[in-house]
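Every chain is named by a letter (A, B, C and D) in the order it is written, and numbering of its residues begins at 1.
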Amino acid sequence: MLPVASLLILVPLIFAAVTFFTKTKEQAAGLGFLGSLVTLGLTLYAYLNFDSSTAAMQFFESTTWIPSLGANYTVGIDGISMPLILLNAIVIPFLILYSWKEDREAPNRFYGLILTMQAAVIGVFVSLDFLVFYIFWELTLIPLFFMVNIWGGEKRAHASYKFFIYTHVASLVMLLGIFGLFYASWQQTGVPTFDIRQLVAQFQFIGSGPVRDAIFLSIIFGFLAKLPTFPFHSWLPDAYTEAPTAGSVLFILLKIGGYGLFRISLPMLPNTGSPDLMIMMLGILGSFSILYGALLALRQKDLKRMIAYSSLSHMGYVVLGSAGLVALSVSGAMFQQFSHGLIMSILFMSAGAIQTNTGTRIINNLGGLAKKMPKLTMIMMLGFMASLGLPGLTGFIAEFLVLTFSFANLPGFVLIALLAIVITAGYHLWAMQRAMFGVYNEKLGDVRDINSLQVFSMAVIALLVLYFGWNPNPVLNMMTTNSEAIVSLAAALGV
Amino acid sequence: MIPLSFYLGLAALLFSIGLYGVMTHKNGIRMIMCIELMLNSANLNLVAFSSYTDTLNGQVFAMFSIALAAAEAAVGFAIFMAIYRMHDKINLDELNILRW
Amino acid sequence: MSLAPEIAVVATGLIILLIGVFMSPRTKNVLGYLATLGILAALALTIESFGTEATMFSGTLSIDALSQFFKLVFLAVSLIVSVAAIKYNENSDHTEEFYTLVLFATFGMMVVASANDLILLFCAFELASLATYALAGFEKQNPRSLEGAMKYFIIGSVSAALMLFGISFVYGATGTTSIPEIAANSALLTQNPIGLVAVVLLIAGFGFKMALVPFHMWAPDTYQGSPSVVSALLAAGSKKMGFVAAFRVFIVALAALQPDWQLAFTILAVVTMTFGNVVAVAQTSVKRMLAYSSLAQAGYIAMAFVVMTPMALTGGIFYALAHAFMKGGAFIVAGAVVWMVTTQRTGNLEVPDHLDSFRGLGKTMPFAALSMTIFVFALAGIPPTAGFMAKFVLFSSTIQAGMTWLAVVAILNSALSLFYYARLVKYMYFLPPKVKRSVCPFHLQQLSCLQWPVCWLWASGPNLSCSGQWKQQRY
Amino acid sequence: MQINRPLAFIVALLFTGVVVLGAFGTSWNTVSELPQNPADQSNIEGIGMLIFTHYVAPFEVLSIVLLASLIGAIYMAKGEGNR
């Protein structure tokens, strides 16, 4: 058995380090692509050897690191992390292919940062020790900060700072919560440990309710701000919009907030001082994000910004599904993360292609692009359909699961979310209609269609959206196993 | 026999005079003199304690500190000499390229 | 022989002084390598004697885990400084003076780390101070350097006088200058008002060296004005000497007065970190900004005195180590930029370390920019750097001790500090350069490589356990 | 550093007050009688013994201090190279 979990961190990191030293664009892109292909291979190896019938950790490794603090280097993969690793490993090679022909300064740094980011995100997914987890968690900030700040749009400085400081502060609050958990458990057991699973299990033994609430809230705040969810989302539209296309896609692949929700917060939730209140809070945040994101997306004139808000709206399902606390709603939330990653990658790639090829991304300045860019239109149509939740595509399955199975516990919030579905359909169709169809806007001049590499990379992701829309089982099965484990814990406590 | 407290009071007074001088004087030489005053009032303390507790450590310490004060004054005067060469005065008010 | 590292350092200094007289400015460049060799030897000797415990010279000097650890810090700092200064002193006629002073200052710091008697502690403290006064003014044609030296000298001397005055009361009350005996005879100090007076005087005395607000006025000027290599020595070495002396005096000798000084350090720590960070935001001179950030870092380390749990002490000591490398490295990169600006006349000669000189450094001096990025991210406490590990241990220990408010203040400060560090990174990478690509001076390439590993976290494991030994001894 | 005189005066006065209060308010452990006989007061020998036995380490350090201050002072005070 290969030590897959460690290799998944190491391989992109090593390739990133080498990529930083390449000279030409081709070398950088080629090496980056090679690195991401090797990562994809490793992921597929892990996937094929993965046993979806158990919620236990697989590919488990553990090495002592700082004994005096009880910190170990512990990694492992289970059904919560596997789909997200898969998502990352699949999208990144195509992201590199997509960007291959673009001209930009310092391509070596560009591709190096993409791979660093991949390593950091996978590091968050596989680490089972809070210290390691937090280190990778913070490491994800740095490539994105540079990505936005170097290759971003006009307001990139503002956007990157806002993103950096906002989420860094949120992470620090989370760190406070981790400290609290760590010391409370140390006091409890007399043995220091940073092991995530042990600490989460120790959580219920902390004496006082308010302390448990404070720890839970400060930890979940870090996740919710990273996810992001209303009202902690204000960094999102700026960062997503100002980022270069690859940066936006990397933001989309940054599923660590939702992951933390499933891995850490949900198992802790039933043991908080007042679980019902917490569920209520998550329900409010989730449903309001859905509605608020949709409403704001409706009034955007900028295509990319619209997609960014639509992303906020979609992430609301993750929170709502988690709050549902039924096995299938939680699975739906997990699946939403997976499906959202695929769909939004297509959409951001399309928006990026429109911007580079036409020079604008203001919806009103576009029009009739279908004539000039038929290939792009095809793929983008599919992305939009998936995003608005058309049956047969991945988005539908996720949203269906979330809404149907959360209804039992949170009927009111589901109704709010249902309201948003109408709006979602509205702005998607409106944008599609304005930008792609109708009379061609002659002011745009002669617009070329996307190049073959871009077609290929986007088409592959689009096909995956179709495939998983018909047959979600390959990923859904492992999610269900784990969400049942989470939910049975809650059920045992009568929440 | 003079009580110990009298020595301590004198030392405290001398030290305060030195402190006041360092805070108000603008001339480098005077500042060094004030610093010497402070160090020496501490020496007075040490010697008084040494006498009154019948231990010799304090007097040894005072010896060392006299030597240290001399070394310190030497370095200080040298720095002021370098400043004097550059500005033709040691008026510290005029030295404000850097903010205090 | 447990004193071998000290002897090696002093002997190197003396040899450099002696043979430097007979050399021409050109051949004097060799002296830098000689000093480096001597320090390396001392480092090797220290590491080799790790774990030994000894008390010598009738108990005035004691070697224990704490002193060994700090000796390592001081030697590492002076190693960095002496390597960086090879380029700084190129073809200068005063190389031997520079290196002798650096080595003597290092010797003073090392003796402070192992001093077990207040007389020895004070003498060694003065040795380190006197040598650095002259070093701060080493560019005697540069009015800034002289002004920094002058301020450093005056305030340093006043602080020495305060310290001596405080020590005299401690001696008077206990009848001894030996640190363990003071701890054993502290009854008079605890029962009488004189104990409080002594604590106040000593805090003021050490506070100047540690640059705690309100005893900090010299620090920004001196750090900005001095040659950058000397700023690195001051910020990374001399300041740590203040801390190790304070560890000895307060935690060991005056342990009985803990409630008094604990309160004082609480106020000083909070005020220092907040003031340092807030003022640093407004700075346009990078060295001055680093100086204020250095205040803030001193505030973090002072938290160790506030919390006083074994965990916090470990964190404080470890932070001191990490800070020595981060801040030393940052000053040296700033020095490289100043060197480039002044030798190639490419920027603001009045304030050569202005933020504008760092514009586009990522293109003109990529290696320097990368090193600086690592150092400032470490200073900001972003993982995976040693700065993060140190903050992690230190801040978390305050929560363990139930002082959540202090942890919150520190963490907020830490977030605030990110603002000006990120601004520096922005200048280096995101603004267009004003000059063409330049050569990276100061042996910087090798030097930064030397420091990177320490700024990365895997250095933390052994260090934590090593400083843990000390805490067990004392408790 | 230059602060105005009244403030400096107040600071110095406060300082004196605090130290004098501390010193006078403390019951020091003192010997009951200082030696009156001049022969008993001579302590040169004792100091010499202490410096070369118990306090030899600070003495050695002091030698380095003097050397360092010598180097520093000579370097700083030398005139060459100045305007």
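As a convention for this text, a residue touches a chain if its C-beta (ideal position, glycine included) is under 8 Å from a C-beta of that chain, and two chains touch if they have at least 3 such contacts.
Remember, predicted model here, so these are calculated numbers, not experimental data.
Taking A-C and B-D together, the chain pair joined by more C-beta contacts is B-D. With centres taken as mean Cα positions, chain B sits 65 Å from chain A.
Chain geometry summary: the mean Cα position of chain A and that of chain D are 66 Å apart. As a whole-number value, the distance joining the C-alpha centres of chain A and chain C reads 42 Å.
Separating the CA-averaged centres of chain B and chain D is a span of 8 Å. In chain D, 1, 19, 23, 28-29, 55, 58, 62, 65, 68-69, 72-73, 75-76, 82-83 are the positions where the chain touches two or more neighbouring chains simultaneously.
Contact with two or more other chains is made by no residue of chain A. Residue positions of chain B with contacts to 2 or more other chains are 8, 15, 19, 22, 52-53, 57, 60, 64, 68, 71-72, 75, 78-79, 82, 86, 92, 100. Contact between chains, using the touch rule, shows up for A-C, B-C, B-D, C-D. Within the complex formed with chain D, the chain C residues making contact are 10, 17, 56-58, 60-61, 94, 97, 100-101, 104-105, 107-108, 111, 117, 119-120, 123-124, 126-127, 130-131, 133-135, 137-138, 140-141, 151, 154-155, 165, 169, 172-173, 175, 188, 192-194, 196-197, 200, 217. Chain C meets chain B in the complex at residues 118-119, 122-123, 126, 130, 133-134, 137, 140-141, 143-144, 146-151, 153-154, 157-158, 160-162, 164-165, 167-169, 171-172, 175-177, 217, 220-221, 224-225. Of all the residues in chain C, the ones that touch chain A in their complex are 314, 377, 382-384, 388, 392-393, 395-396, 399-400, 404, 407-408, 411, 414-415, 418-419, 422, 426, 429-430, 457, 460-461, 464-465, 468.
Partner chain D is touched in their complex by these residues of chain B: 1, 4-5, 8-9, 12-13, 15-17, 19-20, 22-24, 26, 51-54, 56-57, 59-60, 63-64, 67-68, 71-72, 74-75, 77-79, 81-82, 85-86, 92-93, 100. The touching residues of chain D, counted against chain C in their complex, run 1, 18-19, 21-23, 25-29, 53-58, 61-62, 64-65, 67-69, 71-73, 75-76, 81-83.
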